[in-house]
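You will see two complexes here that share chain A, one where it goes with chain B and one where it goes with chain C.
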Partner chain A sequence: MTNVWTVATNTFREAVRDRVLYNLVFFALLMMGAAILVGQISMGIEESVIVSLGLTAISVIGIFIAVFIGVGLVSKEMDKRTLYALLAKPVERWEFLLGKYVGLVMTLTVNTAAMAVGLYVAMWTVKHPLAKSDWFLLVAVYLILLKLALIVALAMLFSCFTTPFLAILFTLGIYIAGVFAQDLRTMQVVDLNPATMKLLRGISYLLPNFDNFNVMGAVAHERGVPGRLVWQDTWYAILYCASVLAAAAMVFSRRNLK
Partner chain B sequence: MKSRTVAGWLLGALLLAGFAGVWQLQKRIDAEQRVTRVEQDELAFRSGNLVKKLSLEYAPLMGAIYWTRAVQYFGEKHRLHQKNLELLWPLLDIATTLDPHLLPAYRFGSMFLSDHPPRGAGRPDLAVQLLERGLKANPDYWRLYQDLGNVYYFDAKDYPKAAAAYEEGSKNPKALVWMKVMAAKIAAEGESPETSYFLWQQVYESTTDPAVKQNAEEHLKLMRVVLDLKEINRLADEYEKQTGHRATRISELVQAGLIKGAPKDPLGYPYVLGEGGKAELNLYSPLLEQMLMEKLR
Partner chain C sequence: MSAGEPRFCFLGDVAGGEQANGERVDGGRRLSKNRSMPNPAIEIENLSKEYPYGFLNLKKRRSLESLNMRVETGEVFGFLGPNGAGKSTTIKLLMRLIFPTSGTARILGKSIEDVSMHQEIGYLPEQPYFYDYLTAAELLDYFARFHGLSAADRRERVQRMLKKVGLETAKKIQLRKYSKGMLQRAGLAQAILHDPQVVVLDEPMSGLDPLGRREVRDIILELKKEGRTVLFSTHILSDAEMLCDRVGVIVGGKLRGVGTPGEMVGIQTQGLEILFELDGAGKKFPLLDRATKTGERYRVQLPEAQLYGALDELKSAGARILSVAQIKPTLEEFFMNLVDADRAQANAVEVSGR
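Moving on, here comes the complex of A and B:
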């Protein structure tokens, strides 16, 4: 486990050195602009739009980092040939992979936490003091983080067996398909035969259901999120990430690195 | 060296002239396209469900954007005194499809739709549709019943339905007591200036939006005038009973001790007695035009 932690902390440091956290400046500017503008150009949605805009920005920026950096975690080490030096040491391939994963999730956690603080500051400027229901925001931010952890796992899986460009396409494709997983399950199509319907239903359960983590609408309107849902989502993310990372480790361990 | 400096100045001048030309040209193109641009938007994004799918997980933000577009569209039309509000309903439809819990879109949107031109689109039927959709998605929010009752009362002039809406809303434990009182009053009397004044007062007190507050304030002023005129006429009738002739000036009512001082409208203009001794607004009062507009509705 020490090896995993060493790789993770180095991945985190590398991300900071690569100025990944610079996106926070963009986020801060966006939130400041929204806090000033929205009250003047709209009606009655000053608070809810700050929440939905803030959560959307946290999610979109996080997805970009998760996909683009996640895909590069392994391929960059291979291109720069630093991977060979590392694997020559007593580090297992799965340890390397897990360390990289944990490192990026750590980066995303720091990034998301900083953006959440920025969001609270923006909210405070629009209405102060903050209400009790405003703490539901933290639940939404936590669920976004779970989603990002899942996307990183998928990006790493794809980057283990294909080119970075295709890995990005596959990850974004699975993300979009995952957003519609619920629709795939409940879709009513007259022409499809029962076998195809069953197949679609099966695929909908295999796809990562990103809709599970979406509570933006509820939180933007100060509605609570059931604790049981948060618990179930946490386990869903853990199980899904573990499965995807196991698959990634299997592929990576068999990959010919010569 | 010298020729390079000249070329530099020339290029700089060309750059400035180019951008100045582009700026002026864009202004003309904007003026040319002002009418058609909005129509193109409508064609591109007509279906709320399609926009929802395209929004992926971010439908609440898109809902807020569409609601802002609706506000901007309504405000712009209002500013330009244009009565064509064809896009208002599609914009509100998309905004509430994207975010069914966007309460301001139902509350303010129904006002935009129901109010008579030039204040609104003059479509109380669509306002009712919007509010009913809002109530389906937010059954616990009693203020939507208040808005529904207001639309039926003020714009659709359907008093049984207005009373039913207030009655239904009053069943919510969070609803204010006056909802039940209004339900009974409207069911019994239909429209009356006192009820209208009270309902506008509720709108005025319950909103934080300056535009809605101003609209409610204007209506309250007009309602105040109606109530004042009614009272002055009542006193003029009493004066007639006492003296045997109809007063032709307000000062006669003052001298008889029926009124303390010359009564003034909410803008400070004294009321007058017109033809047949009936109380009227002063010819110089800006409220006169608004009253006539209300009567023409």
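Moving on, here comes the complex of A and C:
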């Protein structure tokens, strides 16, 4: 595990030095602008607007980082051949892969935590002091982080066997399909025969159910999030990520470098 | 073996196969079954690599064909060949960056599939490129961590290596600001950082100025003095001649010959060359017609049997003899002959295939 941690800390250092965390400046500006604007135009729903906007921004910025940097984690190393010297060390390929994954998840954790702090500052600006229900926001942020960890795993899997462009397309495609996985499960189409319905339902269970991680509506309206859902989502994300990363490691372990 | 027969092993199209007398040709050495040999540092057996290409990857291009080779412990082995000959493919296979279509290889007695083997191996990739957001000191420290070295040991080694490759003053500069030569030096430093027993260098001289090449040569010689095994690929034949105990020539994915540089080019001289000066101008004698003038000096090439007659002739003409030297074919000539033969063969196959 020492090798995994060494690769992970270096990946985090890479993200910091390549100014990935500069997106926080954009987020801070967005929150400041929103706090000022919301205070002027919305009456009584300032907090709900700020929470929705803030959580959406955290999610969208996180998805961009997870997809674009997640795909580049492996493909950039192969393109630039920085991987050559590393794999000639006593490092297993799966250790490299897991290290890169952990490194980016660490980056996303720091980034998401910093944005959550920014969101609380914006909320405090429009409505102070903060109420007890405002701490539900942390649960929503945690679930966004789980979602991002899953997206990074998918991005890494695709980048292990295809080009970066296709890997980005596949990851975004799976993400969009995964957002509607729940609808696919419950969908009732009269014209479809039962076999096709079964197939669709089967596919819907294979897709990552990203809808599970969305509690934005509940939190924006100061409703609590059931603890059971948080546990279920945590285990779902852990198991799904482990499966996807295991598949990525299998593909990458026999991959010929250029 | 007669006196005139070259002692290197010319493999031609039979790479590492059984000879007619039952001996096995392996890495240029004739190994009888009863003779005990020390463990080789690198042992390659029937290693082949095919790359798929074309629509649906249905066609296959063979990049390396049944390579058999041994690199003995403690020797400097040069791997020579034109671009696309299979040198880098072989090295990448040894470093498990690519996987063989067939065949096996062992380094220090361990299969190349065994990751623990890499504890004792240093590798410099061709045209190395490293994490450009790191400084040279950070890069070396990063790689040293994979060898389980303590923090104090890492610090000491990093400083020592940076000094060794001449990057001490540039150690705090990010690698993105390094020249190609400086990156090559950083690459060399990471390859020998952990005192490996076997060092594999893919084109270590490329991108270096004459001073840099000299420093790399010195490092290779130092590694040899320390008893380490060095395998390096190169295009620069003079470096191979200067550094290598043995060289292997690979052309078109096939190993064409293995031996010492001297054996490779043959030990028979091709004649003698006399270098002389004439004090007075306008002197005429038969040997002068055969001589080539360069500046104030003349050089003439002649068979060994004619040497004494020529010396008498020069003496009576009042010429000052500067040197008499043997003419030997260079490794470059040997190399070019192999490449030309390979191209001629390829053309012949192409024509007959029409």
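Just so we're on the same page, the second predicted complex is superposed on the first by the 256 of 258 C-alpha atoms of A that agree within 3 Å, B and C clash if a C-alpha of one lies under 4 Å from a C-alpha of the other, contacts with A are read in each partner's own complex, and residues count from 1 in each chain.
Just so we're on the same page, a contact is a pair of C-beta atoms (placed from the backbone, for glycine too) under 8 Å apart; a residue touches a chain by one contact, two chains touch by 3 or more.
Here the structure is a predicted model, which is why all the values come from computation and not from measurement.
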item: Fit or clash between chain C and chain B when superposed on chain A; value: fit
item: Which of chain B and chain C A:53 touches, first, second, both or neither; value: first
item: Touching partner for A:176 - first (chain B), second (chain C), both, neither; value: first
item: Partner chain(s) touched by A:232 [first = chain B, second = chain C, both, neither]; value: neither
item: Which of chain B and chain C A:243 touches, first, second, both or neither; value: neither
item: Touched partner set for A:163, first chain B, second chain C, both or neither; value: neither
item: Partner chain in contact with A:221 - chain B first, chain C second, else both or neither; value: first
item: Superposition-derived angle with apex at the Cα centre of chain A and sides reaching chain B and chain C, degrees in steps of 10; value: 150
item: Touching partner for A:196 - first (chain B), second (chain C), both, neither; value: neither
item: Shortest CA-CA distance in Å separating chain B from chain C in the superposed model; value: 36
item: Overlap of the chain B and chain C footprints on chain A, listed as residue numbers; value: none
item: Complex contact set, residues of chain C against chain A; value: 92, 95-99, 115-119, 121-125, 127-131, 133-134, 142-143, 145-148, 187, 190-191, 200
item: Residues of chain A that touch chain C when the two form their complex; value: 2-3, 6, 10, 13-14, 17-18, 80-92, 254, 256-257
item: Contact set on chain A toward chain B in their complex; value: 38, 41-45, 48-49, 52-53, 56, 59-60, 176, 179-180, 210-211, 214, 216-218, 220-221, 223
item: Chain B residues touching chain A - in the complex, by the definition given at the top; value: 53, 56-61, 63-64, 67-68, 71-72, 99, 101-104, 107-108, 208-209, 211-212
